Amino acid sequence: MTPLLETRSLSKTFGGLKAVQNVDLRIEANRIVSVIGPNGAGKTTFFNCLSGIYRPDGGSILLEGRDITGRPPHQVCQLGLSRTFQNIRLFPEMTVLENVLVAQFQHRSLSPLPLLLHSPHFCAQEKQSRDDALGFLDFVGLAQYADTLSSSLAYGLQRRLEIARALATRPRLLLLDEPAAGMNPQETIDMVRLISSIRDRGLAILLIEHDMKVVMTISDDILVLDHGVPIAHGAPDHVRKDPQVIKAYLGEEISN
Amino acid sequence: MRKLFLWPGLALIVVVGVALTACQKSGGGGDTIKIGLAAVESGSDAQIGSTMLQGSQIAVDEWNNNETPLKTYHIVTETKQDGSQVQVKLDEWNAKGGVLGKQIETISLDDEGKPDKAVNVAQTLVDDGVVGVLGHLNSGCTIPASRVYNQAGIIQITPGSTNPQYTEQGYPYAFRICGRDDQQGAVAGAFLHDQLKLNKIAILHNKTAYGEGLATEVKKTFESKGGTVVVFDGIGQDENDYSANVSKIKGSGAEAFFWGGMYGQGGPLCVKMRQAGVNIPFVSGDGCFDQSFINTVGASAPDVYLSFGRDYHKIPAAQPFLDKYKAKYGHDEGAYSVYGYDAANVLLTAIAQAQTTDADKVAAVMKSRAFDTILGQVEFDAKGDTKTSGFVIWTIKDGKLQALPDNP
Amino acid sequence: MLTRWRPYLLGLLGLATITFPFLWLQLAPDFAKNTVGVTWTPSHALNFFGDLSTVFVVALLIWLGNLGNRHFGWGRALARNSVWQKADHLWTDYWAWLIVPLLFLIIPLNFRSIGFVSTSTLGLLTFAGLYMILAVGLNITVGMTGLLVLGYAGFYAFGAYLFALTQQYIYFPWWMAAPLAFIFGGGAGYLLGLPCLRLRGDYLAIVTLGFAEAFRELMRNLDFAGGDKGIVLKDNSIFQGCAGLTNSQVCFAVTAFALVATVFLVQRLFYSPVGRAWIAIRENEVAAAAVGVPVVQMKLLAFSLSAAIAAVAGVIYGAKDGFVSPAMCEFQQSIMVLAMVILGGLGNSYGALFGAGLLYLVPEYLKVLPSAIQNNDALAAIVPSFIRDSFQHLSDYRWLLFGAVMVIMMLYRPQGLLGSSRRKTEMLHR
Amino acid sequence: MTDPSSSSTLAEIILDGISRGAVYALVALGYTMVYGVLGMINFAHGEIFMIGMFACVYAIGLFSMAWGDHVLINLVLGVLLAMVFSAAYGYANERIAYRRLRKAHVLAPLTSAIGISTFLQYFIFLTVSKEKVQFPRYYSDFLTTHHLTLGSVEITYLRLAILGLTFLIMGGLFYLIHYTRLGIALRATAQDQLMASLVGVPVDKIIAFTFILGSALAAVAGVMVAMYTNVLVFDAGYRVGLKAFTAAILGGIGNVPGAVLGAMILGLTEALTTLQFGSEWNDVSTFAVLMLVLLLRPRGLLGERVADKV
């Protein structure tokens, strides 16, 4: 069976800096895989390569067996890979609802005539979009804020909105870039719950997270990057005991 | 504040707009004859445009006050009731002032030198019920506006647009009192070939309808006489760096240079050529006929020749007009003031003789006889151009432009 | 109190100092010696301020009103219930917006039978309509998609030339000319946008400006395009012969129809996934791409759509005046349309309509105002002559004022007069 | 009898192209400097350049009224005063139109800049002159009539001065940005204004300094160009500014040597177009070159690729 996502010796270089080197990763459907590593390990670069924002220098990315290497971001998204951003990128002037509506773009027919005439089909589609969007907002717990400007949401809610927006693209694989960053313990627990319930909807999740507690509780698999190089890969317990990981996190002396 | 002032402001605009459209109609009475004056009166050509219209205005004032100095020249033929024809002097039947027994009212509008504005100005004048129009200045404005006047059946006389296309359109009511670019180009081209006895010239123009048109005519004449044009280039109107052009001219071995354009570029271009050691004759057209041109090239610049109409300073009939102009406006006349004055006199004389403002009859009168003007006798051909062009070559002498002595 | 005002006073003093020579002194060149002197000409400066006095008075009133509003709550009750506040919601209402352009453009037609509207007024209104079409079209790129286009008049001229050049050889029935221009204008926009839209926003601005300038120069140089004097159509009556109306009346009606169609098209797109995608691109391009919006395609759509709209406006212009010339795509034209969009409201089609009406019609009205006052006995008696003259001069100052308006709007009301108030937060804090 | 494309003509045309390029370069440096520090197009830079031209002539006029026509004294003082004036305009421009918009959407300062540009153009149009004003040639004759002879080509002192000045300013700016403390502050401001202010860089002052320096240089350029073309006109800045901006983009905006390179290419393109096709094609060829470069190298010839921070 082909995995949902597979990277083969993926590499990306900036000038002389090798940000990501030879990363091999397989993600099966319905699993949560985390990418961890110290600051500057190339995690976000890895994400940017996957989601098409950067064009990798070497290696290939396969989504459900299809090569998506170097495809532009919107195509990657349309093929079923969606993401959130470490520094939140919402559409600030749009309402919460509109933010989610935008994400349904690829699933909406744009035939000009119905669009201009507002044919019954088009109106039904718009209503469907709205209902779906409200459904996603309800799922992440933002239904009551539907008409609020997204820029006026609280920080934690903005993260949730980003997730709802990513979900609205109907991905099979969701990339979450530090979803729990800057949250208090309660919010973190809520976020973990949310991530689990996303998995329960049948999505695979690739996660970057600094909070080890989060990572260890929900991950099925963990990939550890250090200076762009994958140094460990496996189940949480396995990774936790890996000497190279300890060295990467804690430095040379202690691991000795 | 926006809240407070926006709606009253909007309301004001709407009310004013409506009021304007309403009262423009009701403004005029039926007891005057209206003449439209249209030319560029704002922007960089404002001076030349407004002085032209001021010339026309003086003529109209004279008619209104019945003090036309030219009236003794105006001998018209009047048909009496019994069918016999007698020659009458103008002042005999126009003693009350004005024309056709009515005072003349002028409506002066600014076309900003832009074709689209000119068309709207033309439409406004037509709406206001003018019987004749004196204008516009720029050929680019005159040509599109002429369609409006002719479709509405209004006589148009341009005092200053020299582009041939204006009268070549075949409109029955389009006249011009100045010369045409091809006449001017022929004079300049002949001067270069026959009088300066040169065989190779370089031509530069400013890419406008006027500049390029004139330059093309000079080229045609010069080549038809057997000369060669070694450089024929255009430069943008906002270009100020001519060094590459001058180098090209220098390298081309041209024996004279013709500039088709205005004085704003012509002056510096001449200076640049002299600085680069290109001391060949500099020839240009009426676009450079301005005091600022002399100011730029210097009061004693040698080998500078301009083609322009006759020197009206030497014509005695012009003197009263020039004095009156200075007295009324406080400054000297512009290059086209005299033409504006003449155009107005021609139009009003024709109306007076036709005894009607009907355009067909006035146009018929205009094409049937010769008019005495400051610049001499004017006769119109079938197209509406003057039969004699009157272009002569001028040069700079003692800080002033003077017609060459061997020209009449 | 003084400390609060000191920076303003110092600023004013500084401004007065640096503008002093240009205002109060005049150059007096000595042509004989090729040197230069200066003369002290206070009358010159006083005229300058005198002509602008109306503007100063209006500005003072606005400022006082603002002060009063802030300190004493003037107009607050008024504002709370005014249409102004609800503008955003009102306009989004499905059918309400159709009425606005209709009202503006159709009313004069109804009065035709009683001779209310003269041909020249009709001409002015047609122009206002054309500028409105242009403003609505430009608003798609600048306001909705966030792409600054500085050479918009290039497309306007493109349409006009397309029309004029084809008219020289092939006769088009009038109802075919505009749709064809729409298609070809859109195609031209597409071809230009293809390479340009990969560029950063400010580069795009300059490249489009370059396009307009290059197009103008090209048209001036090509002999078959008539050079600088442009093309005078042999027959400008292609719009004529409909129901016994004159060319101006048909052009006006066609403009009105095109305007309504344009607003219809743009608003329908705006309230559809496409419009949401445009706004998303404006708000955050990376995020838009990441949620599956094909950024380049959507930008191209916006760009070519607005080019197509401009081309249609160009055709109507060509048919109305019966000639086209390179002067159509001067930089000032583009700037004027941009100023209309900015004044009216970025991203709001009604704002663009409003801005276009304001910036085109007010200077025109001001220009005829003095003679209208003079012709009207009642008005002539009431209005003092110096105010009458100041109106006339104000239209000379309009470019100065346009420039000032663009700066002031950006500083104090970046969302435009009718723009949504949300836009302000976005423009000022990013 | 010489052929239009003979070698001496070609040499002269190339020299014309280089001088024209140097004129563009002087202005382009101002654009590129502001862009380098603020990341915004100072569209009004061309107008500051134009103000510099006029200020110099006003100053010369004033001095010649005050103590007569002393070429060197009046000219040097005139240039200095023009620099002061332009700097003041540049500062006022930044203070009024840009400072509040620093954090705004990229459209806002650009629009504001276009507004200022239009305003200044028409301010001069309405208050100084609607028509072209000529530079008092008494003060430029000694530069334009004397020349060096190199083979068959004559180079006037003015052209030498413009060329020299261009490279001097380019070198000076390059040194300033890369080898001085101020340059470090400039670069820090360019990278991240907030961070720079946190480590003690007075960001407001640095930006104001950028504008003042750029504007003063524009004034020098303005005087040079006024002497070179003999013409001062209210829209001189727009034309030269557009070309200079094109040059800056061509060379890679934000890059000091790039601006000069781009300007030289542009100047030569125009001069050679004049020779080969006639000067009416200058503008068309300029923008064709711009489009071509942007198609092939969107960052310009010497511009670096800057990755978008995600």
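Read from first to last, the chains carry the letters A, B, C and D; within each, the first residue is number 1.
Please note the rule applied: a residue touches a chain if its C-beta (ideal position, glycine included) is under 8 Å from a C-beta of that chain, and two chains touch if they have at least 3 such contacts.
These figures come from a predicted structure and were not determined experimentally.
S.K.: So which chains are sitting against chain B and chain C at once?
M.R.: Of all the chains present, those in contact with both chain B and chain C are D.
S.K.: Which chain, with its centre taken as the mean C-alpha position, is closest to the global C-alpha centre?
M.R.: Of all chains shown, the one whose C-alpha centre lies nearest the global C-alpha mean is C.
S.K.: Name the chain whose C-alpha centroid is most distant from the C-alpha centroid of chain C.
M.R.: It is A whose centre lies farthest from that of chain C.
S.K.: Among the chain pairs here, which one is joined by the most contacts?
M.R.: Answer by contact count: the chains C-D.
S.K.: Between chain B and chain D, what is the separation of their C-alpha centroids in Å?
M.R.: 40
S.K.: Using the average of all C-alpha atoms in each chain as its centre, how far is it in Å between chain A and chain B?
M.R.: It comes to 74 Å between the two C-alpha centres.
S.K.: So, what's the distance in Å between the C-alpha centres of chain D and chain C?
M.R.: It comes to 30 Å between the two C-alpha centres.
S.K.: If you average the CA atoms of chain A and of chain D, how many Å lie between those two points?
M.R.: One centre to the other, that is 48 Å.
S.K.: Show the residues in chain B shared as contacts by 2 or more other chains, in ascending order.
M.R.: Residues 207, 234, 236, 295.
S.K.: Residues of chain A that contact two or more other chains, please.
M.R.: In chain A, 53, 85 touch at least two other chains.
S.K.: At least two other chains touched by the same residue of chain C: list those residues.
M.R.: 29, 34, 217, 220-221, 286, 396, 426
S.K.: In the complex of these two chains, what residues of chain C are touching chain B?
M.R.: 29, 31-32, 34, 61-63, 65-66, 68-69, 74-75, 78-79, 82, 84-85, 108, 115-121, 123-124, 127, 217, 220-221, 227-230, 232, 236, 248, 317, 321-323, 325, 327-328, 358, 361-362, 365, 367-369, 371-372, 375-376, 379, 395-396, 413, 417
S.K.: Over in the complex, which chain D residues touch chain C? Could you list them?
M.R.: 40-41, 54-55, 57-58, 60-62, 64-65, 69, 85, 88-89, 92, 95-97, 100-101, 103-112, 114-129, 133-134, 136-139, 141, 238, 242, 245-246, 249, 280-281, 283-284, 286-288, 290-291, 294-295, 298, 308, 310
S.K.: Any idea which chain D residues touch chain B in the complex?
M.R.: So the residues of chain D in touch with chain B come to 1-6, 8-9, 12-13, 15-17, 19-20, 23, 130-132, 134, 137, 144-145, 154, 156, 228-231, 233, 235-236, 238-239, 270-271, 274-275, 278-280, 282-283.
S.K.: Taking the touch rule as given, give the residues of chain C at its contact with chain D in the complex, in rising order.
M.R.: Result: residues 11, 14-15, 17-19, 21-23, 25-30, 33-38, 44-45, 48, 142, 146, 148, 150, 195-196, 198-199, 201-203, 205-207, 209-211, 213-214, 217-218, 220-221, 286, 331, 335, 338, 342, 346, 396-397, 399-400, 402-407, 410-411, 414, 426-430 of chain C touch chain D.
S.K.: Touching residues of chain B toward chain D in the complex: what are they?
M.R.: Contact set of chain B toward chain D: 43-44, 46-47, 204, 207, 230-236, 238-245, 247-248, 250-253, 264, 267-268, 271-272, 275, 277, 292, 295-296.
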